[in-house]
């Protein structure tokens, strides 16, 4: 009797999980199916549908052939541009955020609460509002139309998130451990390197995932602060969208979107396990 | 600044005397930095072809497309201007040319335009937009009509229609016949803001171009509260009732298949839709392009024109590049090439469209434009940012798009809200 | 001796640099950009930022538009709907995954992957799925259930909920990850004790496990709230702000006035108003944190 009820509950749980998983996969399926349909077929039927003829060529076109005005290189060089911005900005903002979070949470210098409050406020500022100020900053530091400029922007803005994540995580490191280390004569860097950093991989993975995804998918700054062939992948994807005067290239665009999403998807797939583990360790106080 | 302008002009007039072959021998190689949103499809192809011509004439073509919405292109332009590094030339249109020319110095093109005799072949309303403060600062490149009427052959068959509608009354009658003949939605439509705006401007300009000019282009309070604007809203309500309510914000091309199949009847669209239909794999025999309905028997043309604005640069090679670009943009052969790629018509009224590279639709568009100019019924499009600056346009389209999407708003309320929105945005 | 103190001094300097440069850059840009935007909101700036003083004119102008009024109402509705429903969905998924199922890794990845997708793509795909003419409604109608309606996308009153749906799809995996982390760190002894007391699984959850999740729930709410406030691309791609103006949100209005309409002054005023609404949430949150700290300090 009890066994039957338990196994019924088990079945229901599995059924719910499978149904939800299917629901979550539908949007992905729509995009992947469109990526192997021709623009004509989509225009003549519907945005959602099973391919009549498999247009695998969309992937080749998306990767290395389609033109953005006079440049017919596909999305390949734009993927590289995005990587050149995303990787350094992710690494820098994560490292600096880790140190900042460590200083705020474990050293508690004067005014740490205030400065932490201000840094955290940064997560709420919409990027539309920051566009013109950043224009002025880039001009004044001479980084207009450079990838370095974008790296700088994403590092400074990213610090809001990385400091927030790391500070909350480091709060769970017992103060006694700190005291003991200080009695032993260890300084700021030594404690960071010997005690804090070895405990950090989980939260560093979380911030890396977070930063990587956000910077990779960013469009507004990418399109405004770069020029021509320096543009990030998001700009190349938008170039495939329909203007009023063109038939939308949904087939090639879906293929391009699929390729462009691979780096972030892979980061989530491989990092996902640590993501949960990292948060388990107390990222969220 | 004055000396800079003089130098630019001197450089310009010196270049005028030189034949292209000599220009190549000059010490500076013309170079052009340009930004536009034209990145893909026929727009991208056309500007790339223009770049090829620029290179053939010995120039260095540095075009940076800014993909996305027009606003993204403007953000880019603003960032460049704020950094003191404007492009030598950028895409800009309508009254925004005057607005932007106030924030950074533009090149005085009067001498080059005069030498090319361009002013004589451009319609006066259009010329005015490109001459802020009376001096040419920008050059129109191509013209589109935004009130073309596309009719589905199969829907016409279902309605057993024997003639094309020329007035709004005939349009309405045909739509009714289509409906009773089994056409699910007599009007095919897109769901974006310009789509809604286009229906309103086509209605008002067709009912009374005079009222359109006064209310929309001159923002005359009396005209805005006049009976024609109310009648236009009433017509838009009818159109909205014939549209597919399920469109939401989709691109109008979503409905091309049912349109061709005869499940949808008519589209009020720009000239670009012809190219879109052909690129989607449909045939010219499947549809008819006709002028938008007009109630006074004379042709009405809603003008939309793309243009380039030229920003002052000190570099000699950029100045030479600007001059070369200006000459190319005004060149009838270049305008022919450009329009044949995009499906627009040339700005120049003296280009012969009888050749094999032109479609019947383009020929009809050009002759309608001539007729409309003669009747003083060529007016500037609101939906495509030709009639007002963007702030005013957006405030007006807000009212129109809410009206289209909300049956509870009466034409009287629509007209009242439009007048209020104009006051609020002034 | 002197060499050693010099070394200590330079180490001290390095410490200061490493701590303060990033923090001051980050905090500084928040303060400066906010102050600058506030200043701009009182200037007559249009296409370019200029100095000048127009008093409250930009504010009265923005507050007088339907766009802002609708956007503000929507922010309350969407903010509450999105944050609460996403958190609940995330909690549900976390509890589901916590049942020691086979294929847990796969399921977790499936629920988490939408987070890796850009908002533009999410918005575009959901604009197809939720479109009654081509998406879910059409599919169900084609299956023969012709009376089925799911047309929130074209319904002015319901359209804002389509953005909630797409938002839940995108962000619930993140909430799930946080909650799952919380569930996994609940003390095993507590659960055993509850089971010995004869509590069933549901009772164990509601009485023992969920109450320990409060700190995590707050973190989830804060992260989701910043998504809600900044929602922009999702709406542009999904509804375009429509039908009509029905799905305007403050971030859209800020962008629209500042850039599309070429009025930096009014756009800045909208941005300041938006940040002020944020205070309604942040001030109580800050109060709660302080209360919590005081309580912790008292032990």
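We call the chains A, B and C, going by the order they appear; numbering starts again at 1 in every chain.
Just so it is clear, a residue touches a chain if its C-beta (ideal position, glycine included) is under 8 Å from a C-beta of that chain, and two chains touch if they have at least 3 such contacts.
If you're wondering where the values come from, they're calculated on a predicted model, not measured in any experiment.
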Using each chain's Cα centroid, which is most distant from the centroid of chain A? B
Count the touching C-beta pairs: is A-C or B-C ahead? A-C
Determine the centre-to-centre distance between chain B and chain C, using the mean Cα coordinates as centres, and give it in whole Å. 39
Rounded to the nearest Å, the gap between Cα centres of chain A and chain C is 15
At which residue positions does chain B touch at least two other chains? 75, 78, 82, 192, 254
Touching at least 2 other chains, the residues of chain C are 131, 134, 255, 259
Expected list for chain A, residues touching two or more other chains, is 47, 131-132, 136, 219, 238
Interfacial residue positions of chain B with respect to chain A in the complex: 35-45, 47-48, 51, 61-68, 72, 75-76, 78-80, 82-85, 192, 194, 251, 253-254, 256-257, 270, 272, 275-276, 279-281, 342-343
Please output the residues of chain A touching chain C within their complex, sorted ascending. 13-14, 16-17, 20-21, 24-28, 30-31, 46-48, 96-97, 99-100, 103-104, 107, 109, 115, 117-119, 121-133, 136, 156-157, 159-160, 163, 168, 187-189, 213, 217, 219, 234, 237-238, 257, 261, 264-265, 267-269, 272-273, 275-285
If we count contacts the way the header does, which residues on chain B are in touch with chain C in the complex? 71, 74-75, 78, 81-82, 96, 99-100, 102-103, 191-193, 244-250, 254, 389-391, 394-395, 398, 401-406, 424
Under the stated contact criterion, what part of chain A meets chain B in this complex? 39-40, 43-45, 47, 66-70, 131-132, 135-136, 138-139, 144-145, 219-220, 223-225, 227-228, 231, 235-236, 238-249
Which part of chain C faces chain A closely enough to touch in the complex? 11, 14-15, 18-19, 22-23, 25-27, 29-34, 36-37, 40, 49, 93, 96-97, 99, 101, 105, 107-122, 125-126, 128-129, 131, 134-135, 138-139, 169, 173, 177-178, 180-182, 184-185, 215-216, 219-220, 225-226, 229-230, 232-233, 251, 254-255, 258-259, 264, 267-268, 271, 274-275, 278, 282, 286
